[in-house]
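The following pair of complexes shares a single chain, subunit A, combined with subunit B in the former and subunit C in the latter.
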Partner chain A sequence: MSAITPPPFASRSLPRLEAREKVTGRIEYTHHLKLPGMLHGKIFRSTMPHAKIKSIDTTAAAALPGVYQVVTIDDIRKVIPNPYYGPAFHDQPILADGKVRFAGEPVAVVLAFDKKIAEEAAGLITAEYEELPAVFDEIEAMTAKVLVHDELKPAATFADLKYLKGKKGTNIALDYQLRRGDTEAAFARAEHVFEHTFRSQQVMHVPMEPFVSVADWQDGHLTLHTASQGPSFVRIEIARLLGLPENKVRVKVPYLGGGFGGKLYIKLEALVTALSMVAERPVKISLTMDEQFFMVTRHPCHFTIKSGLDASGKIIARHCEVIWNGGAYADIGPRVTQKAGFTSAGPYDIDNVTINSYAVYTNRPPCGALRGFGAPQTAWAYECHTDMIADALKMDRVEFRRKNMLREGRPQASGTPLRDAEIERAMDHVLDRMNWSAPFDRGSGNIKRGRGIGIGFKGITSPTTSVAIVNLNADGSCALYIGTVDMGQGSDTVMAQIAAQVLNLDPASIKVIHPDTDVTPYDMGTLGSRSTFHMGNAVRIAAEDAKQKIEVLARELGLPQGANLPLVDMMKQKYGMQAGNIIGTGTYLADYEKPDAQGQTTKGTPFWGVGAAGAEVEIDIETGAIKVTKLVNVADVGVALNPKAVQQQLSGAGIMQLGFTLTENMVFRDGQLTNGSLADYKIPTLLDMPKSFINEHVPNAYDAHGPFGAKGGGESTTIALSPAIGNAVADALGIRIYDLPITPEAIFRAMQEAKGAPLEEDA
Partner chain B sequence: MAALEIAEPEKLDDAYTMLGTEEGSIRPMGGGTALMLMMKAQLFKPSKLVSLRKIEALTGFSLSVDASHIRIGAMTTFSELEQSPMIAQHLPVVTQTMKTLANVRVRNVATVGGNLAHGDPHLDLPPVWSALGASVRIVGVDGERVVPAEELFLGYYETVLAQGELIADISVPVRPGWRFFYAKVTTRAEHDWPALGLCVGVRAEGEVIADVSLVLSAAVDKPTRLKSAEAALRGVALSDAALAMAADAALAEVHIEGDGRGSAAYKQQLLRVHLGRAIKHVMQGSASA
Partner chain C sequence: MSTSRTIQFTLNGRPATADIAANETIVDMLTNRFELRGARESCGQGLCGCCTVTVDGMAVSGCLSLAWFLDGKSVETVEALSKGGVLDPVQEAFIEAGAFQCGFCTPGFIMMVRQLLDAHPDPDEDEVRHYLTGNLCRCSAYPEIMDAVKLAAAKRKRASAA
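Let's look at the complex of A and B:
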């Protein structure tokens, strides 16, 4: 083996392997891809939130010089007879099929060699609709007569959804239930009972690289080039749609310009595949920034939380009623409903818990996973609720949390015991960075100041599998074949570090081969904070396998122990020349036990994502203007394999959640999105950053099951941030905000309401 | 965005000819920052754009010999004004306004004339020019005319400019003894279109507001002078009561519409608060005064 920098290679702030290529603008993105003879597709979208399509007039578009073809669902049926897809339900048509279910739904596509001509032609298509009554609100949708889908179509992939097959007359796509203890009896004996309802708004991922996919269908096999977080799933689902074996579908993914859960499962891939089959040419669709609002978004959530406490302030019962507005198509919403439902009672030790979590169809753009799989929406409710109870009982907000906190080894609501989850140390780290015990300036004049904290946790999608291949060439150089998608989080670098640690190589010398399902092995997806833990373990196992094979080779060659002969020399001895490979493989499947009918399992999650946050706010009481002056995010990531990359993940997630807390909101009027552009949908900019912004991981944490003690941290700092700010606002004003986002007007309205002089609403 | 023709005439007369006098799909273009957004959104599909960037008569800015006013050519970019020591000295409110106006890439190409002709009530500079008492020289094939900046606007995206007419330059009086301030009030994020734009100028004599100039934008359909509020303040000593009366007068004289940046009632509150604060600010003579 080549010269060695001293270990450990893991646990170092190694610069990203691709940093130079990225900042010099030479890195590969799907957006750059051009194939010979490639057509560009432009989508014509529905203007109605719920309607029957009476007719689509494509004549003017088709007549525009330069237009190759205009495609509707009728053309697609000729190549894909059952053109419905989705990860949890096969409910989404590749193009609208006789009906539209949200304003913005794709209805037709213009294909042209020139993107601008396709765009112009799409503007010439008209459709006639017969408007249907629509339902937008999740509470209404629970009982509405208006049905978004006539019949539920669960995908056969998930065994636990089978009972929903063929169900009719409902908008409830999934009802997740968890029962622990006897909640009713515990409420009956409770000294105090509190019930509050909190709401989260619809928001979007806003990746800086909008969705883009290219399909190339040739002679019965397909190549997809796509900005996807889950190439293996894309292959499985496209192969199912086409009735092909997996080896006839190739999915290639270069770097991504952000994903955040949006680029999971099937997005544009089914559409470009169908178009390529119809046109018999390569087809590319790249969305504009504004079109992303109609692809996938984050669930609005309506959460009623009720707690019963004994005289000492111990929570003895909790009831969670969580309703998720999933929009027109289920996407991965049912998983969000389950995953976030699972931890919706919060990181507290409560013997009697009832959780009902519902995925509900409405006539809005579809909702899916977004950095936290619903955990941030639930924590918004349970951590505001925590402060409200503490205040009502006149208990210290921190001590109340300590008294009820779930601790190592104790069963969480699902029965899964807490393991290697530093909830209390994360909170203590926040308190330390907030100087919590020091006197606090409450402001003067028209400025009122307050501070608050929040803690939260999440389970990790399970059971999931990652497979890795480590290939040592005859000269000793190393390539790593993995399906993990580097979308900005730095996974290439960390995976190289893990392999380097085992093989005693320089991590910067390792080549990471990007996802290509013809080349790289299976991975469930780059999602839900799972890669460092699952793929990291697979890489570690693969590297150990390779190392063992080198040792076997050394013995075979009769080398004395500790000879440390460079690999190239061993290979020359073995093969008589510089030839051959050492191939190590690793498969990791986390330990898992399926929950019973009560949602109980002792192995519900491979590890726990833990986040805590603290915020200081300044509020102008004459206008409601709010400034977050200090923000502290702390996550338990186990051992930080690359502390710099971890810190960037934590701050990135924090900034994102800051937007979801204060500024971002998809506003609808009669089902029409009214602010679908970045001019009117405001993501935070540098000017919105808190003056003091601290992002750290819990020091000396260790996950016994993670690679070298590590676990994922991509989502942890999204969880508790919103309630920390909500609690800080309440601390400043003595007024509780129940709905996100916390805008200046929302604060001012709440203050006026409290004064008994409510502000007039617009007509 | 479909293909289109861009012409770059070097003489005004050529520009008039290209533009014609019929309303249609031929438009003049300054920096193009607003037009491009409308074209990308397919709200506007020009057949031809007449770029004015090569017409020398529309460029440059200078202080008059008697130092009484500043002429600013319509094609002057915001960055040129932002970086000018002369503007900083004589029109500090313009320099101040630039700090939060769009971003450096926009300021590098956006022009004073294009910004006025666009007629968007959310823009930052039109209320500033109006409050300063600037006048706009309009030229066309039939000759020229001069209108006060505040009379340029007829309503939402509507101006007095006819097809074929161009803004040649503006003339901004230098007003010794006055202090101006532009309050850009955003509500959704720090960097946003204003929910309320308010340019306030005063000539103070001790604690007394000897004269005052107030122009409101963004919350209304065009930059609007708050005449009643001015009348309420003129000749009055600064006090909270006087400011409250001025705010009442302002709220009574304008019609504020709700939108994504705030409901009408909330924007009224913002006007009440920020009018008072801006006047106090300029009376104290701090910052960009």
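Let's look at the complex of A and C:
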């Protein structure tokens, strides 16, 4: 792409608009919200992974002084007759309905004015269960007799899921298929065929502000205050549940203490709504950190990848079998299955591709969106596979990638051509920062050193819409009304920069009005790296609309061209006093074409997320202890509108993915989570940050469809990091790790196995 | 169920009194009785540092410490650091270095960095990493937090030289 001169206002590394409130601690989170007369709810949870509920005894809890009410599904049915919800399937009951499907599922709720009394009372509830056989493993679930749901209940919102309606006798919630070329014939003529299987584990978002929602039902209309990434969807789904028009449901979202994809779609909102209707009072539920592990998690993934190559080392066929363990409720798992399935053959130019991607129900906590939307799990497989093929063919790992890389204008497996996606430049940037061509110290004694790279990409959820309103007050001050949720990524600041760029204002002077569905227009959600691109375009269009209206006003007032009269003076001339508004509106819907039955489309994604990573590791072969001594993350974000905010996204996503690569793992025993607290589930600390840690975006990149050339970058560095480390471990030891996380124990076990002296599995 | 007791203590430099239940933690008390938002409960186990406040000058986890024992003591929260719109040098450094994203852990970090710089005015990188390892940031603004500590140390030095 040609070099772009960054626009003056939009490109500054402006500090966050809300920076002062964040350092003084005065910023608003739902966490702190109190309403007059508000009750606190405490959830009583299932201890069984799969069971019929024989009885629930709430007597002792209800009798505890200070308890307002104990609520079960029977109470909820009186206010919401069909209490099932979900973005893809209406499969999740607001409270367990005769059956529990994972250990930790909400069964009853105690309401009390005092949170501690509610907690104490929840401990007094007992339930009797008739245990059912359960299924936890995604491969088993594909063919198991144990059924998590008796019948599939797809939501009508996704047209492509309608065929699943009423389907029985299966745990497969969705089967996504992509066919390109003739894979079988290509495998038949291939010179070399390689097949490997990789697994990713179940992990959790761990937002520091745990899930929290407050509902206030008053005489036929509802106000929800919630830590949500998707207020518009919350409104639509709650309105559906209650049979109300959208304008009777108001959803307000202040700042979020982290989201990472967890706080999307419907989480606690349906429950607090039902409780507020039952109790006829405002109700708040704040989860504890431990309870967050039962809310939503990231899919474990089992990916078998098979490639056929010709004699020159060109990949001519690829078969991807990707199985996603979705847990007990589908949440947005079917979309993860589709979206990550779509790019699971990797950023390579392959003429013959078959992809089967399955969303499977099991008796685990539900899985949904988490930063990267499945792309990191698929890249873990395809990029380890890439190194393994290169090594087997005795080809250089970098040159093998170059030979097969998908390039600008070439169709990806879906038929959508690659556009404005700097895959090769991202890889080259990583190689440069890794000093790849310099001699590499391989360690000595018990310390073995290795290095590896990975590249990856992702498609963006489509078609989705964002709407923005720019309001210029009579004094010329500007407010921006948008449904994008600032959960730490800095969207308020970047959106203000975009509006400021068009209107020639100081971005720091613009007020960003936070999501309030009574006030701010529709936005599909703050998710999947879509906001800078979609909402950014909507804001740009809205600001241009406002600008045009100012020009119309100037003509109406008979002002000479280029008069540049301050708006306040124009408004005074027009209205005879300081009055009125200039309102600009903008709607953005990305160009999209629905895939055909073979999964083929020329417009499958509005832009491509691109990430590349490089890692150097040190391994102590006596203990398996691993240290990442150098980590390089590079992403193509188009033009970085706020370079500082971009860099924070790249490094933050990288460290999060480092946790998912090395330490984080939800460990289950008989369906019971055994490490659901920060004491046992280890997220990265300052000590885990690699000593050499480089995060950069590809310079002079440009997305022709993005606002001022920008595109999303919140997920790109999650994609290629795990395989870069896995490849570095293989480079150090000559041993391949197939399952995440790469713990010292996993390394030690793999080394023992390679020696022919495998350790026994834990009992 | 729980008995209560009246305690008298100093909160951010002002005398304070509260009737405290036996099971009430410092963060409960600050949030519910004094409407202070800076110390926040997150992990509830003293592992994340989001609820860090100082008691008689020592940083404690507000989610683990019972408010009852504050009687006669002096408590300081992040709200005490900025006066008349003027920020503490550590707060300024956090803004300048961009040392936060969502901001939920930020007050805890700021309280801990102040204590770090009181004890080690010129800490090296390892000291900083070890000292702050009990504060978790899931947005992982760690590189910028390292920068902020360096910046804050320089600001403090300048201020004390002036």
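Quick notes on this one:
Everything below uses one rule, namely that the second predicted complex is superposed on the first by the 756 of 763 C-alpha atoms of A that agree within 3 Å, B and C clash if a C-alpha of one lies under 4 Å from a C-alpha of the other, contacts with A are read in each partner's own complex, and residues count from 1 in each chain.
As a convention for this text, a residue touches a chain if its C-beta (ideal position, glycine included) is under 8 Å from a C-beta of that chain, and two chains touch if they have at least 3 such contacts.
None of these values were measured; they are calculated from a predicted model.
In the superposed pair of complexes, A:340 makes contact with neither subunit B nor subunit C.
Contacts of A:678 after superposition on the shared chain: subunit C is touched, whereas subunit B is not. Of the two partner chains placed by the overlay, only subunit B lies in contact with A:744; subunit C stays clear of it.
By the touch criterion defined above, A:123 reaches subunit B but does not reach subunit C. When the two structures are aligned on the shared chain, A:728 is found in touch with neither subunit B nor subunit C.
After overlaying the two complexes on the shared chain, residue contacts for A:760 are found with subunit B alone; subunit C is out of touch. In the overlay built on the shared chain, the residue A:619 is in contact with neither subunit B nor subunit C. In the superposed model, A:663 makes contact with subunit B only, not with subunit C.
Taking subunit A as the reference chain, the count of touched residues is higher for C when subunit B and subunit C are set side by side. Residue contacts after overlaying the shared chain place A:26 against subunit C, while subunit B stays out of touching range.
Once the two complexes are overlaid on chain A, the subunit A residues touched by subunit B in the first and by subunit C in the second are 116-117, 120, 677, 679, 683-685, 687. Interface residues of subunit C facing subunit A in the complex, by the touch rule stated above, are 1, 21, 23, 31, 36-40, 42-45, 47-48, 50, 77-79, 81-82, 87, 91, 94-96, 98, 100-107, 110, 128-130, 132-146. The touching residues of subunit A, when paired with subunit C in their complex, are 13, 15-16, 18-27, 29, 31-32, 65, 116-117, 120, 205-210, 255-260, 288-290, 487-490, 644-645, 648, 651-656, 677-679, 683-687, 689, 693, 695. Of all the residues in subunit A, the ones that touch subunit B in their complex are 116-117, 119-120, 123, 622-623, 625, 662-663, 667, 674-675, 677, 679-680, 682-685, 687-688, 743-745, 748-749, 759-762. Partner subunit A is touched in their complex by these residues of subunit B: 1-3, 37, 41-42, 187-193, 258, 260, 262-266, 269-270, 273-274.
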